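Scrolling down, you'll hit the structures one after another.
Here come two complexes built around chain A, the first alongside chain B, the second alongside chain C.
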Partner chain A sequence: MSKSILYLVRRLCFYLIAGFAALTLNFVIPRLMPGDPASIIFARFRGKLKPETIDAMRQSFGLTDEPLLMQYWSYIKGILSGNLGTSIAYFPEPVSEIISSGLFWTIFLAGLSLIIAFSLGTLLGIFIAWNRTGKLDTFLPPVLAFLGAFPYFWLAMLILYIFGFSLNWFPLSHAYGNEVTPGLNLPYIFSVLYHASLPALTMVFVSLGGWLLSMRNTMISTLGADYITFANAKGISSRLIMLRYAARNAILPNLTGFGMALGFVLSGALLTEIIFSYPGQGYLLLQAVKAQDFPLMQGIFMTITFAVLAANWLVDIAILVFDPRTRK
Partner chain B sequence: MQSCDRNVSRDKEGLIIYQEQFLSWVRNFEPLNPASIPRWPTRGGIYEPLYIYNPIKAEWVPWLATSYQWKNNNKKLLFTIRSGVEWSDGTPFNAYDVAYTFNLTKRYPALDTRNSWEYLKSVVAQSDTVLEVSFKRIYVPGFDAIAGTYIVPKHIWSQIDDPLKYSNPEPVGTGPYTEILRFDSQIWELGKNKNYWQPDKPHVDKLIFPAFSSNEQVTLALLSGELDWSGAFIPAIERIFVDKDPEHHQYWFPNTGYSTFLHTNTKHPILGDVRVRKAISYAINRPQVVKVGMYNYTEPAHVTSLSGPMAKWHSPDIDKKENWTSFNIEKANALLDDAGYAKNKKNQRLDKDGSILELDIIVVSGWSDWIRSAQVISQNLKNVGIKTKVRTYDFGAWIGRMQTGDFDMSIGWAEKGATPYNFFKGMMFSEYVKPLGEIADLNWHRFGLSEADLLIKSLERTSDQNKIQNIIQNLQHLFIEHAPGIPLFAEPAWGECNTKYFTNFPSQNNPYGPLSNNEQPSFIFTLLNVKKR
Partner chain C sequence: MNSRTQNSNIFRRWFDGILSNKKALIGTYIILFFIFIAIIGPFFIQSPTEFLGTPLTPPSTKNLFGTNGQGQDVFAQTISGARQTLFVGFTTGILVVIIGALIGGIAGFYGGRIDDILSLIINIFLVMPGLPLMVILASWLPPGPGTLLGVLVLTGWAWNARVIRSQMMTFRNRDFVSAAIVSGEKNIRIILVEIMPRMLSLLASSFIGASIYAIGAQVGLEFLGLGDISTVTWGTNLYWASNDLALLTESWWTFVPTGLSIALVSFSLTLINFGIDEVTNPRLISERLWREKIPRNLIKDGVTPVLKNNE
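Let's look at the complex of A and B:
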């Protein structure tokens, strides 16, 4: 067992180094973009402000001409103390507060649809691989692969147009209705679920095929293995073979994929959020880039980076649990 | 689009407004800091200035002050502050609040939006109703900045630790709307100030602000009656919006008095020649640009770029001057020949070294009206043998190129103001000209003229209306002579309303103020006059 702990610690160290590298890139890349935020905000007024205003704005934003190394130092110091700075687009709101508001909706929407797509896809994959001569197996994989091959934004807009606009069954935008008060009350919860259903549906739609196919394919090759034949010969119930013997082995690649996808949940389903006007992380990121809001961009990229790394580490743990071979 | 059939469940007591594009609202009602973006209508609707400029009538309307007077050869400005005004919490408002506001911006230069303390010496309240503003140097245009400063309550702001980071979540103002009735991330509501100083106003009890994330959503909401008032750009508005319900669906895009420009980089070896700039201007078929690029929402620019409410500044000799914003291909060709750019057999103009003359027009990507305009211009210029390419850049990249002078031609705006002072200063003032590569916040086309400098400086020292008129006429003549930039078309202000539930919006027939809620702070005229049906 100590070996597996050593393995986890080693992985953790690797992730820490990767995280640090990402933080550094995160600092450098926005600074390579053309333009500076104060000038951009000034220009937005289209000639209605005097140029002297720019200096006032630079003072407020704390934009300095300090050497990059000093800026880098205060950036790292800020992150370690949990202070991500003040947003420029939403001045004077702190970045951490803006991100936390977007984060909630993103985790809710993208997380929920990922879990649905992953569990449904994997279960269906197990099932159709087990009954691989059945009708479902000839029908489902090509249909889902076909759907998954559509450009996502096109499919999402089509669905929004049909079910949201033409049929008027679902709302066109937002995370909840304007008539409800946020809080722990039934109308609010119902409204949130109602508003999330269409975007979540589109996300499940396009990703289901991937999960299903990869599960089905590994499952089929696992089912051909000798130990399955042996288990059959021993007379173990087929349900047990399907789930405990075959699926447990075959799920490993899907699990890695799940970990990756889990990390990317935080980057927000950018297109989904834009098409459905959903107030999540992806939409925030778009706004931040448009306004050259360095602090907000950095904050968002940082949460994404750490989420991906943390999810990978969790997958490492999960694989240790599922796959005894890694525990040697 | 059958969207009119959608079930509308809306609050019919509140005026629903779109002005800002946000997907979730941030609670910020701080009016002073130029870096902060407070919720509309903080600047004008919650906090009010001493005077409000009405761009439709081109006049200053007394607001928290009732009159002003220049003294001591324009080194002193006296305001009479309105009496009987109360803050929304019931505290009386007086000249001491005004003096406090100005001295706050002195103590925190980051709040001094228009850098007023560069020419101010002191701002003192002499009594509850008299405010004395003293100048370090004579600077008459400073009136605009002083009269336009939003006044904050002394009894609130003196309790704040750091006014630079203050987001003022519970505003106390003198404006018509001050009470936050609800503030959720997707929608918020603003109720009326029961102590408002204008009797019986405002007529509407509350304003409602749902979050909209795109212009398409705004259009849909206007069509379905879920939005009453908006300042969005809507393409083909007659067909998309008005035709669906001509009785209630209205828009008014009045001329703001200023023009959209084709900026020419005068440090460019070819565009530095005034003959080339005028030739380009003659070659542009403006009615076609307006039709194709701007959906006919506006009109071709006047040669001074001033029209509509600003036409009152025109010099009486203006019709005798050269009109290089007229469409005249022969003149354009003659000027280009004269400047030494001959044509080859393929009807292409050649640079002096014999290579084909080629210029870029840069436009912000996604600003489709201007992109189309640039394409029309590019076609027009081809007719006189000038090869041009339209290139689009992201806003940040575009502004970066403009500021450092890394462009040939570009579609952009020019400076505005209550008088054409800012405009001419932005166009021709030498001190604003920066070398190529260095950031210039104004005068991107990098044109300076010492004659203009003298006129501008004398304009800064006089409050005599006749002298002002005279100097501005001379500046127009210089502008026409040197063509530092090429005005394209008059700049309209977007405004739409759906009058199903509310009426008395400003319009062509009732032009009491701008319909566009982007006109800050003059949108207040609409806020005060709109009535429930």
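Let's look at the complex of A and C:
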């Protein structure tokens, strides 16, 4: 028991260090750029900004005349109290409020499609590794690998074009319809799922192949292990060998990969949101890039990074449950 | 044996092995086709930025892939977009492997405190989400291929470093490395001349993986408008397609050719990586061998059968 707590604490320490590194990067990047960030922004907007906006920006970057170390200190203090600065595009709204309005949708959409893709890919991987002379094993991996070769946002465009614009089966944008009232009622939940189905389908399509292939390959090598042969010789039912003996061990690398892939999948989710005008972080990111809203961009970077770190810690807990070596 | 001739043998055997694999061969053909087009294609087509007249005309004999929202020829744009996209993609691939081999190699070879520090840095870069970091970096820098390259390398090196590090750790304890150390070879020479050639498959598949990543991420960044939108690349093609409301105007031809090209390139690279894996991964080799040895009608699914050694 104590070893598992030690493991979780060690991982937590790592995530704290990683989060701290992200904070520091966020602080350093604007200051590393040639010239002073505020004047870069000022030049880019060619005087279109009001003086008070520029002052607010200097404030949100902590660009005061204080020495660098003091600037860093007040920056960290600001972040820890939830202050991410003031947005330029939505001036004078604070960045933290804009981001929190979209955070739920990103976590909902990305989480939903990740869980679907991971469970479906892993199950299919187990199945086709077990039936590896079957038609499915020759057919599925290359097809899914081809789907996985498409950029997320491009497949999103194609799917939206076919099922949204041409066939009119699905809504073209937003997270729920105008006619429903948000809250715990059935029409609203139905509308949310209906609106999420196309973007989620896109992400499942692109990422399914990766989970399936890695599960299939570890499963095949596990099936060659001695303890499996022995279990077979003992006459244990093949269902039991497939699921409890082989798959249970083969899933460990996939779980570790799950944590690693989180950031990557989330990046794809951001781009997918843009195509479907889904009101999450990706959509905000596009607005921020278009308006050169640096505080908003950096706020999104921080939020997404912390979300990924937290999710990774949850994956660590899952590994703790599945892998007895971390518990002993 | 002289280590140079020995190494060139490794290369030869390796290439022969890879090219005997069907998947890798198909992938190689497709990718060579695209590289060929990227190099000589732009000399044979009309200017991709020339205004031809009516925007958004569907494909016809005059404009093979139709025209885009700016009244430019989509076919010409697809061909000339290949050049910069592939160039940035493969250059990033090379740089990422070099940096990954250097950092991962040093961490794996020396171990101890050096490894602790380098691993920490590698892991931090691995867990940070790529796209938002690329966006904040690219938005501060002037748009162009140089910015793309730098941003892609900075966010992409860690994965390779991690893989190469663990491979290096297994080599570190092999006899030939101990022999080289005892015979007084310099560490850097052992890493570069003795060990790296034996990691050829890993380095090659790292390069291919990094190139796939670089092409995808690059297109994504340019799609967001963070590339140089005055140049013609696959990413800016898609940027303009979405900016000119390709979906609303139902002009599928403005984004389908570019997207299919990107997918074909990534897919062919993936195929090559599958091929490398099948030829060099011992587990997949043994899987193939037993399938060859057992008559087809005897093969049953499920648990891997056991063969006697002398069979």
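Everything below uses one rule, namely that the second predicted complex is superposed on the first by the 265 of 328 C-alpha atoms of A that agree within 3 Å, B and C clash if a C-alpha of one lies under 4 Å from a C-alpha of the other, contacts with A are read in each partner's own complex, and residues count from 1 in each chain.
By our rule, a residue touches a chain if its C-beta (ideal position, glycine included) is under 8 Å from a C-beta of that chain, and two chains touch if they have at least 3 such contacts.
This structure is a prediction, so every number in the text was calculated from the model and none was measured.
Enquirer: Return first, second, both or neither, reflecting whether A:301 touches chain B, chain C, both chains, or no partner chain.
Expert: In the superposition, A:301 contacts chain C only.
Enquirer: Is A:90 contacted by the first partner chain B, the second partner chain C, both or neither?
Expert: first
Enquirer: Examine A:242 and indicate which partner it touches, taking first as chain B and second as chain C; both and neither are also allowed.
Expert: second
Enquirer: Just to be sure I read the superposition right, which of the two partners does A:290 touch: chain B = first, chain C = second, or both, or neither?
Expert: A:290 sits against chain B and chain C alike.
Enquirer: By the touch definition at the top of the document, which applies to A:175: first (chain B), second (chain C), both, or neither?
Expert: It touches chain B, and chain C stays clear.
Enquirer: Looking at the overlay, what does A:22 touch: chain B (first), chain C (second), both, or neither?
Expert: Touch partner of A:22: chain C, not chain B.
Enquirer: Counting residues of chain A in contact, which comes out ahead: chain B or chain C?
Expert: Comparing chain B with chain C, the partner touching more chain A residues is C.
Enquirer: Touching A:187, do we find chain B (first), chain C (second), both, or neither?
Expert: After superposing on A, A:187 lies clear of both chain B and chain C.
Enquirer: Should A:253 be classified as contacting the first partner (chain B), the second (chain C), both, or neither?
Expert: After superposing on A, A:253 lies clear of both chain B and chain C.
Enquirer: Look at A:160 in the shared chain and tell me whether it touches chain B only, chain C only, both, or neither; answer first, second, both or neither.
Expert: A:160 contacts chain C only, not chain B.
Enquirer: Which parts of chain A are touched by chain B and by chain C alike?
Expert: 33, 40, 165-166, 274, 290, 292
Enquirer: Within the complex, which stretch of chain B touches chain A?
Expert: My answer: residues 2-3, 6-7, 9, 23-24, 26, 28, 30, 33-37, 109-115, 118, 145, 164-167, 184-187, 210-214, 217, 220, 258, 395-397, 399-401, 403, 413-416, 422, 426, 432, 439, 441-442, 520.
Enquirer: What part of chain A is in contact with chain C in the complex they form?
Expert: So the residues of chain A in touch with chain C come to 14-15, 17-18, 21-22, 25-26, 29-30, 33, 37, 40, 130-134, 145-146, 148-155, 157-158, 160-161, 164-166, 217, 220-221, 223-224, 228-229, 231-232, 238, 241-242, 259-260, 262-264, 266-267, 270-271, 274-275, 285-286, 289-290, 292, 294, 297-298, 300-301, 304-305, 308-309, 312.
Enquirer: Which of the residues in chain C end up touching chain A in this complex?
Expert: Going by the criterion above, the answer is residues 120, 123-124, 126-133, 135-137, 139-141, 212, 216-217, 219-220, 223-226, 238, 241-242, 246-248, 250, 252, 255-256, 259, 262-267, 270-271, 274, 277, 281, 283-284, 286-287, 299, 301-304, 306.
Enquirer: Can you list the residues on chain A that touch chain B in the complex?
Expert: Those in contact with chain B are residues 33-35, 38-43, 46-57, 59-61, 86, 88-93, 98, 101-102, 165-166, 168, 172-176, 178-179, 181-182, 274, 277-279, 283, 287, 290, 292.
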